[in-house]
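Look at the two complexes coming up: chain A is in both, with chain B in one and chain C in the other.
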Partner chain A sequence: MAVIEAIATTYLEADVASVTFSAIPQTYEHLQLRMSGKLGRSNHEGEMLINGVSSGSVYSRHRMGGSGSSTNAWASTSADYIVGPYFSGTGAGAANYAVSIVDILDYTNTNKNMTMMYMTYEQGTPNLYFGSALWDGTAAVTSLTYRITPTVSELLTRGSVITLYGLNSS
Partner chain B sequence: MADPAYIVDGVLTDGEAWVGVATTTLGSDTATVTFTSTDDGQVGDFSQYMDLVLVTYSRGETVAITDGNKVQFNNDTTAANYPAQRLDADGSGAYAGTYTATGVVVHTAGASAAANEFGASVQHIFDINSGKHKSVVGSEAQDSNGDGTVAIRATTWLSQAPISEIDIVAGTGNLKSGSMFSLFGVLPRMVA
Partner chain C sequence: MAAFTVIDHTELTGATASWSKTSIPSSYDHLLIVASIRSSKSSNYDKVDFQMGNGSLDTGTNYSQTTLQANSTTPSSGRGTGGDSIDFIYISADSTTADTFGTVKIWLPHYANTANYKQAICTSTAENASTTDAAWLLNVTAGLWQSTSAVDAVGIKETGDDLMQYSTFTLYGVTGA
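And then the complex of A and B:
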């Protein structure tokens, strides 16, 4: 088996509300998402769900960042979705898409809560973030959803692309 | 023309996602290292990849603890085309800032670092064949036993052209002998 395999690429030919990788094979040690994305609204945003879970206050989040000459840090707990990694908003400029790398480790282990980490760069703004999220669940990760918040009417923008990779040590 | 081993009749055979494109280890001091797309459908052809990953482990000639290589795309040396955001730390504090330079800045060990010290970095170059402005996100470490920096850094190359050439240019003078540069291609996998 290859050390790093591409599981699936989703390229948005049209605007959509969410992207889901489902039935994720349980045959890897770790997962990685690589993303290049943009939203149809002015501000940056993006939410992730593990196994479609969007209730129960099961997520917590941390982030540090640099924006211009300012450093920043942020955290929150008991949330119903993961904030970050981010897609850029329309304010970033037409050709500027945010890029992210997301690492999800030991995702098949049913004795661990899932901790993921990400790095996002939003062109144009610019914002550079290194962040993490905890899912307070122990089920194996079988699906990953990236979406714009359902409370707004805008969509993930055409041209955005997300690829899910599986990693093995041998 | 034969396909690469991981493609049979136009189909990826094993989903292997990272392809080793090329590695250069300098046997003598050299001003510039270049990786050029072979445009032949083989592993060196950049047009098949979603992303590129550049790994550097290098040392420069600038008289300082830390030196800064520049990574340039398609021979573009215009500083205004490489706006960047950094977030770094030197042991005394954490800092952020924006800047432009004549390429993607990659910190490495300078001439004042102790002998045999090299700086490490991994640079992720996203969606290289798209019509988007290209983003580079990198992490780097240059530790010199009480001096040096760690950083995450992001740069936009303000071009919508596909990337077909990458030049790694010394901050001043030459990249030192022993410096190592590896380029990987990251494949997508389009599934129904």
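And then the complex of A and C:
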């Protein structure tokens, strides 16, 4: 058994509203997402949901970043979705897809809230982000969704790709 | 040969001050520590001390570090030299949202070489359902152990408090082609 195994890869052959990895095996210790993505709107903010939860104000988000010579940081709580990791927006240029690596540790441990740590680089803009998110829920993570906000008509852009890996601990 | 090998995985069954692994084989190219940790300290976050060594953990003043972090809307950077650990590594502590653990990743590239000082790349997050300044923290740190000895021991410890039950530590050996 390999220590790191690819659970699933979704490559967008066409624009779609969301990508969901469901029925995630509960046999690994940690999860990792590797993402290359773009949105069909100027705003770069995709949304992530844990176990399909999109209500209850259960998410917190923290981020620091750099863009050129300036730095920034941001904190938000009581949200209905996670913002970050990021896809590029249309302003980044047609060929510039943001890349991210996301770590979710102990995702089956019901003594812990789900937390994630990520790094995103948005080419074109350019922005470099390091961030984290908290889901105030101790249920095991069984699905992960990345979507564009449902209130807009634009979509996740064709050519975006997300791979979900499982990391073993024995 | 597999690129990643699990050298050690530990989940704490009760509060304890430290985790360490000794007698690490020199047969890998790199080491990676992945940890999910909560501190018993009555605060929003806490530092942990990362040490390495040959034969045992080096507690001498042979470490230095450079950090970039944010715990408000204004990121900052810092530098420390002559320390007895790399300690710009932050985790959630016992005043944060219940059941919330910090995430830590530490890469030790070329840990077994005997020509160069050893460098560590550390990322850590202390999550908390709060937007208040200094109630959460994000950190990226580059650390240096000023020794050419091969690393065969690594450890993470709390000073004055404990690492809480359910904290986990996974040590991977990573092999090149």
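One rule holds for everything that comes next: the second predicted complex is superposed on the first by the 170 of 170 C-alpha atoms of A that agree within 3 Å, B and C clash if a C-alpha of one lies under 4 Å from a C-alpha of the other, contacts with A are read in each partner's own complex, and residues count from 1 in each chain.
By our rule, a residue touches a chain if its C-beta (ideal position, glycine included) is under 8 Å from a C-beta of that chain, and two chains touch if they have at least 3 such contacts.
Source: prediction; values computed, not measured.
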Contacts of A:S67 with chain B and chain C, given as first, second, both or neither: first
Which of chain B and chain C A:I4 touches, first, second, both or neither: both
Which of chain B and chain C A:G159 touches, first, second, both or neither: first
Which superposed partner A:D15 touches (first chain B, second chain C, both, neither): neither
Which superposed partner A:R34 touches (first chain B, second chain C, both, neither): first
Touched partner set for A:S170, first chain B, second chain C, both or neither: second
Partner chain(s) touched by A:D103 [first = chain B, second = chain C, both, neither]: second
Chain B versus chain C as contact partner of A:F130, first or second or both or neither: both
Touching both chain B and chain C, residues of chain A: 2-4, 64, 66, 71, 119, 130
Parts of chain A lying in touch with chain B, wherever the complex brings them together: 1-9, 11, 34, 36, 64-71, 93, 95-99, 101, 119, 121, 123-124, 126-128, 130, 159, 161, 163, 165
Chain A to chain C touching residues, read off their complex: 2-4, 29-30, 60, 62-64, 66, 71-78, 103, 105-106, 109, 111-113, 115-117, 119, 130-134, 136, 138, 167-170
Chain A-facing residues of chain C, complex: 2-6, 9, 34-36, 68-70, 72-75, 97-103, 105, 123, 125, 127-131, 136, 138, 140, 165-166, 168, 170, 172
Residues of chain B that touch chain A when the two form their complex: 12, 14-18, 50-51, 83-87, 94-98, 124, 126-127, 130-133, 135, 137, 139, 152-154, 156, 160, 186-191
